[in-house]
């Protein structure tokens, strides 16, 4: 599927069951390193469910079952294997959620949280990492003078960038975005899209979006999902100009969804 | 970026440590929660071991006495029953009325706010303060004396906040669409309350009332303060009289005692045999409390299941 | 159309009756304040406030009476202190466990049991303290006198665990799930999430629950009347008998109390002290509860 790119992860025969209902059917997909892979599809097609397999979020709730493999490179770890600790997975793969969910703490503490969880408490080290993360999230200039303000005082767009900074502070290998701009206004949305495109040189990105234009603007590869299956997966440019499957074409041209 | 590959051993060690703390806390939490169960269990067993042998028919129908084997709780449980009647008649109408006013009529003005603040504050006032209030107000000012009426009024005021709160919670859970439907048919406010709001919230109100009464049964301090006797070898006057108007209210003004005071009195005696009597009285009190609370919990469960808006 | 007028009158009358019922709460508070102040005023006419607040002996019924309230306050604070040391940590741990760890079935079982614990009459707890716990403690602490502050302190602590745990747990459960997910997604364990994210977020509610617990402990009467003794004692030693403000009021009420005597008025002096202590706590608690509404 992907040629001449280094792979960060490979999904092999992934199936996912929620309460005996099959939500993901036999997905095979490669995730290229330092590229942005987008997942698009109509509501309920399973894209968020698929995304949440990557950081084992489903483990938090009862009656969920994974089948298949998601292999993480370079150490070839199957991150959905029951033998692998979900906490270890979450320390390597971070997530930004649909609705900004900063902790009710200061801006500084929000960003520092992931490091504290890893046992890191040295003030100077935290200061450094917090600044780097906030710069990467294009938020530093706006908050550098009020790092100890409460996070809830930020606007929606700023809060989401704070959540991105928080996720970046721990140097994740993959950054998952679950519809990151659906709760934001257009200005904030375009800021975050720019940000995501800059981030890819540092981290591999998978983004779920119901906004097709966003996928077209931002991503390198796009996967179209429908009813739990991958219908088509290819370079973004090809998906949006010359899709191979009729279903893909119908979705992209707005005939359904 | 991605320096986790070599320091990964470090991270793995940290994860193990984090998970150990997590597990230890889970153990701590589980056993702490168990403490409640263990205490309840031990208390019940201890009471039963001491008091069960003394439970008998004669225990129920004898008056207290200087001789522990002969002492019984007749005056105490009669007193409790009569006081509870007055308590219920005080707290229920007053509490429900106040709750209805606050939920259905009250506007968001300073008066309503003040009433609410007072209700919340009164819920936190120690019960003995209610005793002092009753001593000054009911015993001496209104001259009700150290009587069943005073005792009942005191406990009624004590549990008033509970009844009001449970009334308000029940009424709050009725959706506005029901009210609107009633008004749209031309009903007045009172008709809507009488025909819809009250019947639908009865379950919740009843639960609150039962819990309040079960609390009142066990209350000792305010009753002692208003002058209930600890040794009383006669019953209050009967409610019926042989002459017109055939109903007597004299019993309201008679001296009395209640079960928790009787138990307290027996515990305070040095002789061990009286302690056994106290345990028996304790069993009865405990059973009454557990039954009433169990009933309330059950009612609350049934009420929630039945009306699913 | 005569009917509407009569109906209007009836509606207004009913509203009036309901309003009066609601106003009863204000009436009760005013009565409490009035009675306490009125009788205390009578007390302080005879006994100077200075002696009351700083005297170290409370012996109002002796031939040579002394009216220093400090021993009673000290007794109250000692017992409350022990109760708080028991109830606040355990109550919080139980709340965290039930809110973040416990499976549904365990929660369903634990909550009614905790409610029942809170509903047991305090005389029964007093019996337990004096005749069960004190003898057991005496086996480990031979110096423990038959009436002491330790045993009722522990029992009152156990008694108020449900108040603390129930209110704290409600606050913690009110923290939205997506905040927790944010924490778990960073690789945090439940323990880390609970203590670093949830508890700070629910802090106002937890603080309010602590206040409720402390207030309840201060106002507790029968457990101390039965197990702590009736001897005022200015001491911080929990192994000795003490008398609390509440136990004093009950102790005097058990005897003969002619209306209007100085002895009669002492219980109101003790009462107003108690009332002011709990009022102060309730105000702090109310302030915390106000803060909860601001956060979300």
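Order of writing sets the labels: A, B and C. Residues in every chain begin at 1.
By our rule, a contact is a pair of C-beta atoms (placed from the backbone, for glycine too) under 8 Å apart; a residue touches a chain by one contact, two chains touch by 3 or more.
None of these values were measured; they are calculated from a predicted model.
With centres computed as the average of Cα coordinates, no chain lies farther from chain B than A.
Comparing per-chain C-alpha centres with the mean over every protein C-alpha atom, the closest match is chain C.
Between chain A and chain C the centroid-to-centroid distance comes to 50 Å (mean Cα coordinates, whole Å).
Per-chain Cα centroids separate chain B from chain C by 16 Å. Averaged Cα coordinates give chain A a centre that lies 53 Å from the centre of chain B. Within chain A, contacts with two or more other chains are made by residues 87-88, 91, 117-118.
Among the residues of chain C, those touching two or more other chains are numbered 187-189, 192. Contact of a single residue of chain B with at least two other chains is seen at positions 15, 18-19. Interface residues of chain C, counted against chain A in their complex, comprise 176, 178-179, 181-189, 192, 196-197, 200-201, 295.
For chain B in complex with chain A, the residues that touch the partner chain are 1-5, 11-12, 14-15, 17-19.
On the side of chain A, the complex with chain B involves touching residues 74-75, 85, 87-88, 91-92, 117-119, 171, 173, 202-203. Of all residues in chain B, only 15, 18-19, 21-22, 25-26, 28-30, 32-33, 35-37, 39-40, 42-43, 46-47, 50, 93-95, 97-98, 100-102, 105-106, 114-115, 117-122, 124-133, 135-137, 140, 157, 160-161, 164, 188-190, 211, 214-215, 217-221, 224-225, 227, 230, 260, 263-264, 267-268, 275, 278-279, 282, 285-286, 289-290, 293-294, 297 touch chain C in the complex they form. Only residues 7, 10-11, 14-15, 17-19, 21-26, 28-29, 31-32, 35-36, 38-39, 90, 93-94, 96-98, 101-102, 106, 110, 112-117, 119-128, 130-132, 158, 161-162, 187-192, 194, 212, 215, 218-222, 225-226, 246, 249-250, 253-254, 257, 259, 267-268, 271, 274-275, 278-279, 281-282, 285-286 of chain C touch chain B when the two sit together in their complex.
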